[in-house]
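In the two complexes that follow, chain A is the common piece, with chain B as its partner first and chain C second.
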Partner chain A sequence: MIAIGLDIGSTTTKIAVMEERKLLYTEIVPTGYNVEKTWKELFAATRERLNLEMEMIGGIVSTGYGRNSVDIATRRVTEIMCHAAGIRYSLPGTRSIIDIGGQDSKFIQLGETGEVTDFKMNDKCAAGTGRFLEVMARALESNLEDFGKLSLVAEKAARISSMCTVFAESEVISLIAKGEARENIIAGIHDSIANRMVSMMGRSGVVTPVAMTGGVARNEGIRSALEKKLGISIEVPATAQVNGAVGAASLAS
Partner chain B sequence: MKTFAYFDSGHEFPEEIVMAAGFDPCKILGDVEIGTGPADEYLHNYFCPFARACFTEALSRAGEWAGIGFAHGCDATNRHYDVWRAHIDKPFFWVNTPMKIDATARKFHLRELENFRAGLEREYGIEISDEKLAEAIRLSNRIKNGLKRLAALRAEHDINNLEYLELMNRALTGPRQELPEELERKLDEWQQRPPFPRALEAVLLTGSDVTSPEWMEALEEAGLRVVRDDLSLGERYFRAAIPEDIPPLKALVEYYGAYPQPATRVPSDRRLQYLETAAWENDIRLVISQNLKFCEPYAIDAVWTTGVLKNKGLKIIHLEREYTPTLDQQVITRLETFKEMALQ
Partner chain C sequence: MLQFLLRERKTAIDGLKGFKKQPLTPKLFGVMAEYTTKSKLAHLNPWRKTGSPTAGFPIEFLLAFDIFPIHPEAYACYAGSAGVTRRPIEEAESQGYSRDLCSYMKTSIGATDMGWPCDFGGVPQPDFYVSANAVCDTHIKWFENEARRHGVPYFGLDIPSHVAGRGDDQDLEREIDYVVAQFFDLIAFLEKQSGKKFSEEKFMRVIGKSQEACALYHEILAYRRCLPAGQYFEFQRLFMLPVAVMWNLDGCIAYYRRVLAELRRRYGDTPPTDLGSREKYRLMWEGITIWYKVDLYYWLAEKGARFVYEQYTDSFGIRRRRTTTFPETLRQIASEIITLPYTLNLEKRIAWMEQKIDEYDIDGVVLHANLSCRPAAAAQQDVKNAIQKSKGIPVLILSADMDDPRSYSDEQVRTRCESFIEMMEARKG
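After this line comes the complex of A and B, so read on.
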């Protein structure tokens, strides 16, 4: 039977399709304003692309902040449990997950059998999230794709002391005015996100191996900053950005 | 009977002295549905929103009250005293309470209660005799006993979180004289309720006082049913009885040393002991610790409390919540995840 996971996040909506627990297909689209319209269109497009009849689908698990809008879901599960399930599928044996998404960041601790033993989420604030990076990229007239690579060639990380997105943007503008190199500012931004994440993780305690998921996991600069601060290596699964949907599909299997 | 209102972010205010003076005490609880605009004209909006909501209520309702009492619930109540006095034309009374329990603190507390009694007598031209105080204490104990019996039914019957909050609201804000009979009727009704729903997980709730119905409903929707707590708008109010066999003011001093201790008091051992015992008595595995944004006593306390309770084998989550009737999805997700974790 086919199992489908739908992860409706604040920024993007993801779908993952599995057959007998084998990952067949994933797709990402922007969530936009109309959450229901977005997942329905994505679901219909996926069915058409894979020639899936409804009777072929054995289970649909929805997750993410829009999970309750999926009226065809056989089960609704929180994104934390789905991220854990996704990592159990792609990187079994992982004990800690760092997930940085569009509007929130999470730290999830797993037990020896992969069960969730603890989790922390950022407070209601964009600092340390994908949104923070978007705002900073705009201030630096860069794009998110270049951010990670640029920070890796920085001579030194500029100091960004404010944790607040709005104030940090002012700080970045001041650094630009002082003539600080763009690469150094970006490295400083990554450092500030890493610092915030490490503080959150410290409250629970880090157990290795550690994996990173969410859209921000694609940013090598953030991963590198986190690795340096924690003194460990961090694995990023190939399905990092769709990890929640993969987890949802595995729970639907 | 005229109402005497009081602002106390904990359970420190001696209602019994007010009752003995012939007033109905009414705890000011604010209203999460009403904005704090009127209070914000005098206070910055980064101060405790609950305290600002209470001030907003006082600004609009003070005309209904004979006077306003303040107790040392937390620093917000302390510093609000002068602000309220400057903007509300009513008799004001300040009752200090010690933050620790020893012989010196008891002596100090007794003097404070004596001063409060004398202050009420002077202001309203009345006499508050020991007999009247003893009578008020007996009534208060009947109310506490009724609430305690009702609250115990939460673990056995289908009594939702909101019903418990509404019961406590009624007990702390409405007329007291007829309350024991009301509670008896409620007891008859609650005892007939269906058993505790299997789909829900029993939780122990601790932290800042919860006055928002929406928050209690959100817990319920996440599948979490509060069966024990140590809130001032909860067990702290009724769990201990006031001694009836010693002089009344001394009895009140003893009472305030015996009830479930808040995070404002030191040391925390007795507070932790109460939480641990409550969880053990009702076989509760899940603890929800929360603090209202800017509520420092519970935000600071949570770091220590959650660690200790976790080491005792309890599953615990700590949340910071906004003073708003609209809950954000992130809080709901955290609560739902907490339940999912318990069911793994």
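After this line comes the complex of A and C, so read on.
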């Protein structure tokens, strides 16, 4: 039977399709303002592309902040459990997950058999999330794809002390005005996010191996900053950005 | 009240809808209504003095002078339950009170200054203010400031910052001496405010009733160990009002006696009893409740998760131990104020919570990281780590605020709570 995972995040909506626990297909689209329309269109497009009849689908698990809008879901599961399931599928044996998404950053601890033993999430603030990066990229007239590469050639990371997205943007503008190199500012932004993440993780301890998921995992600069601060290497699965959907699909299998 | 209804029609309607959402029995509704009505009447009665104490203050001293206790925190809780605190808080902030300050204080100041009645957070002007830094550091400056603003006298009890659980009783004895000495200053202050002489005999009668009410309250709480508990946090946080505010000790005793009799009839004389319908998830809450979000407790209840023990509700009604002489009573009150459960050192606090987890058969713990009360949220991560390790149950730290809805995000809270439930579910297999 076919199993489908739908991860409706604040920035992007992801779908993953599995057959007999083998990943067949994934897709990502912007979530936009109409969550229901977005997932329905993505679901329909996926069925059409894979020639899937409804009776072929054995289970649909929805996750992400829009999970409750999926009326055809056989189960609705939180991102925490789905990210854990996704990593159990792609990188079994992982004990800690760093997930930086559009508006949430999470640190998930797993037990020896991959079960969730604890989790931490950012509170009441977009600092250290994908949204923070988006705002900074706009201030620096760059795009997120270039952000990671540019930071790796920085001479030294500029100091971004504010944790508030709005104030940090002011700091960035002030650094630009002072003539600070763009690469250095980007490296500073990455350091700021990494510091935020490490302080959140530090509260409960990091057990290796560590994996990183979510859209921000594609940013090499952040991963590198985190690795330096934690003194460990971080694995990034090929399905990092769709990890929640992959986990949802594996739970639907 | 009528002026308020005419002027603030929408707030009044919203508030009534908020009150209606509370799990009130007719009796408990009557109890709540009685307090606000009497607060308004006592304020209007020129022959009756009113005094405004903070939570944790030994109210019995006021009662021994027939002084009616006007509790700004209780009214702020009413306003929170009504779901109308945002405007008073913003009103207080517009006067310069920082966003980081206590939301009870800001609700109280804002609602009073906007002329709202006590059902909606406003404070009928008392004749004086009294406070103590027993459970909260803000209490001292808050009430000192209120007394200054309203031009009435103020008395502050300085409670030593005791770390209980270390076993150094010699320090405690000295601290008790220090607090008892202040009780005599308080008596002198109250004599001056009331124009009456202090009567030890009357004070001991009040204390006797207070001790009886507190003992009954805790006997009732113990029944929450039963399976099912029957009484949950959303009810308990209102049920504690009579013993927390003590405006009518005789009524409080009668009410609690009736509730206890009903529990004995249902469960027998000695809890715990297993009626074979245990809650799916029995939870412990630590910290002040989220007053404006009774929906959160209902939503968790739909998922089978019920709060059956809270350190918060257990911390009220501390006058449990019977005393017979005046000097002994003063020392006992001082000791009770100094060594509240909140003053336990970390090691003892964890041990105490572990004991409650066993007694109440707890499946998971929620620690409220209250933005209004950062000191109370101190060391929560250590508590969480320790309990998860020793008891193997999930512990969730939930960031919100007791009375300020601007610090609450439904989606964030629900995601965290659902993950927490999923962890409990996975643990149960």
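By our rule, the second predicted complex is superposed on the first by the 253 of 253 C-alpha atoms of A that agree within 3 Å, B and C clash if a C-alpha of one lies under 4 Å from a C-alpha of the other, contacts with A are read in each partner's own complex, and residues count from 1 in each chain.
As a working rule, contacts are C-beta pairs under 8 Å (C-beta built on N, C-alpha and C of every residue); 3 or more make two chains touch, one makes a residue touch a chain.
Here the structure is a predicted model, which is why all the values come from computation and not from measurement.
Applying the stated clash criterion after superposition on chain A shows that chain B and chain C collide. In the superposed pair of complexes, A:E79 makes contact with chain B and with chain C alike. Applying the stated contact rule after C-alpha superposition, one finds that A:M121 touches each of chain B and chain C. By the touch criterion defined above, A:Y65 reaches both chain B and chain C. Residue contacts after overlaying the shared chain place A:S142 against neither chain B nor chain C.
Once chain A of one complex is fitted onto chain A of the other, the partner contacts of A:T208 are absent, as it touches neither chain B nor chain C.
When both complexes are overlaid on chain A, the residue A:T11 reaches neither chain B nor chain C. Of the residues of chain A, those at positions 65, 77-81, 104, 115-117, 119, 121, 123-124 touch chain B in one of the two structures and chain C in the other. The residues of chain C lying in touch with chain A in their complex are 369, 381, 384-385, 388, 394, 399, 407, 409, 411-412, 415-416, 418-419, 422-423, 426. Chain B contributes residues 320, 322, 328-330, 333-334, 336-337, 340-341, 344 to its touches with chain A in the complex. On the side of chain A, the complex with chain C involves touching residues 65, 77-81, 104, 115-119, 121, 123-124, 203-204.
Those residues of chain A lying in contact with chain B across their complex are 65, 77-81, 104, 115-117, 119, 121, 123-124.
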